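Two complexes come next, and they have one chain in common, subunit A, joined by subunit B in the first and subunit C in the second.
Coming up: the complex of A and B.
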């Protein structure tokens, strides 16, 4: 039986299923589970299904481990689930979704900022050299 | 458990023939000499000789190219299982397990035979050889290159597919580098990540230090080759470079010191024999088997026949004459 989110959510008026990150872990040590849950539920409370995990802190090999259950993600998106921004960004980095526009925008902004920094430091160096002479 | 020997009258036939291989694979030819001897021996007596080399080669007619035997051929496997032997006491040696008090059963003779047969079947299952596969080729697949993502992250992102129905070899494990390239994970990364998400019992995420060369030397001095090989089979994939390396080091050490008996009734003997045959260095092993009176098949380089016979050191005059004849043939 296919879960049609609008059909099921008579209690949650206007709610829908989301694929989002539920925070867990300990103090100063976050750990996210990628989870299909109803929109109105609390962030860490009862979810419908766990679809993966994301560890934001890099390990000894400098890797951030992300796990996705692509089959089930496809199923939930087919049932009308929405994804939140961080999940969409991660899926874009994974290659499952196209790259998120904000990822691209942030990358461009960073490059622009780096360019202006360079220009600034160059001009500063030039000024210092002139003063030294 | 008691294994009975069956005594019988055995007749042997004299015939003289030789197998020959192509000139390119001429290093091992062999002559089978069977003896006609009406006597009440408890075991059959055949003599097998190898390495007649240059003496025989001029007499060889030209044969057609025989395809090289693979490890997985049924005949090869038959022979390797037979030379591995079935020492029940060694196979069912006490392994470190939970201690349970022993169970005693009262059985008739037929029931005892049945139990022995079942034990032999289980021993055969335990003696299943770890596979000899060609080394796996490195993965260099790049899925996408996005230069614009350079400098966004300082760490790599490793994305795995956790679907339970997918076999581990076909799982998608993909790495997004800080430079922006999206590539498939290398074999080492794959093994590590699969162990993280689908842990296998006994396998560690980083290979334990026992597999380093210096530590291996220490372990070999203590004659613990079997333990090392068991751990190796658990830890590494059969077609990985580290697996093959550890196996090779173990085999070299055993061959160097002649400790063939350590692996005799274990599941590694077949692979060991195959390694020696491929390197054409079976002399030591064969001498050891001759001295210990063990099952010895006719092994040739490209075709492994399966005529069974057992060898016995012979001191009777007729056999001594035969030996002299053989020596003459050799020189």
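Coming up: the complex of A and C.
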């Protein structure tokens, strides 16, 4: 593996800044840091700045904690940083961005699935009742 | 037929026809290039998940709206940042900063001057005291020197007087004969013994 020293890694060809989740934590216990990093860097390696964190496992109050540094996020987006899908979804849920279309569609799909399940169980109950009679 | 299809707008084609079934034939995972396909997977044709056209239309609309809003947000953030930068460097913030710095500088200079004055006064006092001390020392040194000179003179005079007194007993050419006769007449005998307690014994062993 070629280990380039820092003064060789100053400029990437056609790279851009990304706001993404960097994974940390331990086995069976993930923890994400919301991070501004260059696109070509490894997921967990040196980043430019940490802009927040996201804990995917719910805590004792059944909440998933997310932290954002809105000032710095504004700065990086103004400088032309892209966001990845999960970061965009989280920001949408937080209210900083508009709600991501996929969150809405996923919610709709789940609602529809729940409805069909209900209808199915209702119809099953009806059939059972008829048979019992 | 193909040309007609290609001339028709692309999203309609994508919406109505399913995506091509076989998108990627092989994906490198656990197996190397030469490993054969697993027996259970020989007749498998991978198909992508089915797309609901109604949902797709709605999704496309939502996406265009979302992208529009995002783009607008991005440009607004950029404008805000540029304005902030401008203000900091050129505008009101810079002026306030220069004013504050000037005031700080003035106050600091005033403090410095006060400190310098105080130290100057202290130094003046110290120098005075030192000058007085030096004068005292000089005077004392002078006195000492004077005294030493006088002592020296007195000592010399005493020595001179002593010498004068001794000179009376000197042997000169005139006294020479007289003194020789005197010396021959009184022979001095240095033969004596003395013990630790200071008893002098003049008479020694019997002499011939």
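Criterion: the second predicted complex is superposed on the first by the 122 of 133 C-alpha atoms of A that agree within 3 Å, B and C clash if a C-alpha of one lies under 4 Å from a C-alpha of the other, contacts with A are read in each partner's own complex, and residues count from 1 in each chain.
Throughout what follows, a contact is a pair of C-beta atoms (placed from the backbone, for glycine too) under 8 Å apart; a residue touches a chain by one contact, two chains touch by 3 or more.
Please read these numbers as outputs of a predicted model, since none were measured by experiment.
In the superposition on chain A, A:39 makes contact with neither subunit B nor subunit C. In the overlay built on the shared chain, the residue A:101 is in contact with subunit C alone; subunit B does not reach it. Of the two partner chains placed by superposition, only subunit C is touched by A:75; subunit B is not.
Where the contact sets of subunit A with subunit B and with subunit C meet, they give residues 104. Residues 143-144, 146, 148-163, 165, 172, 174-176, 182, 192-193, 196-197 of subunit B are the ones touching subunit A in the complex. Across the interface of their complex, subunit B is touched by residues 52, 58, 61-72, 90, 93-95, 99, 103-104, 106-108, 110-111, 114 of subunit A. Across the complex, subunit C meets subunit A through its residues 55, 58-59, 62-63, 65-66, 69-70, 73-74, 77-78, 80-82. Taken in their complex, subunit A has these residues touching subunit C: 74-75, 77-80, 97-98, 100-101, 104-105.
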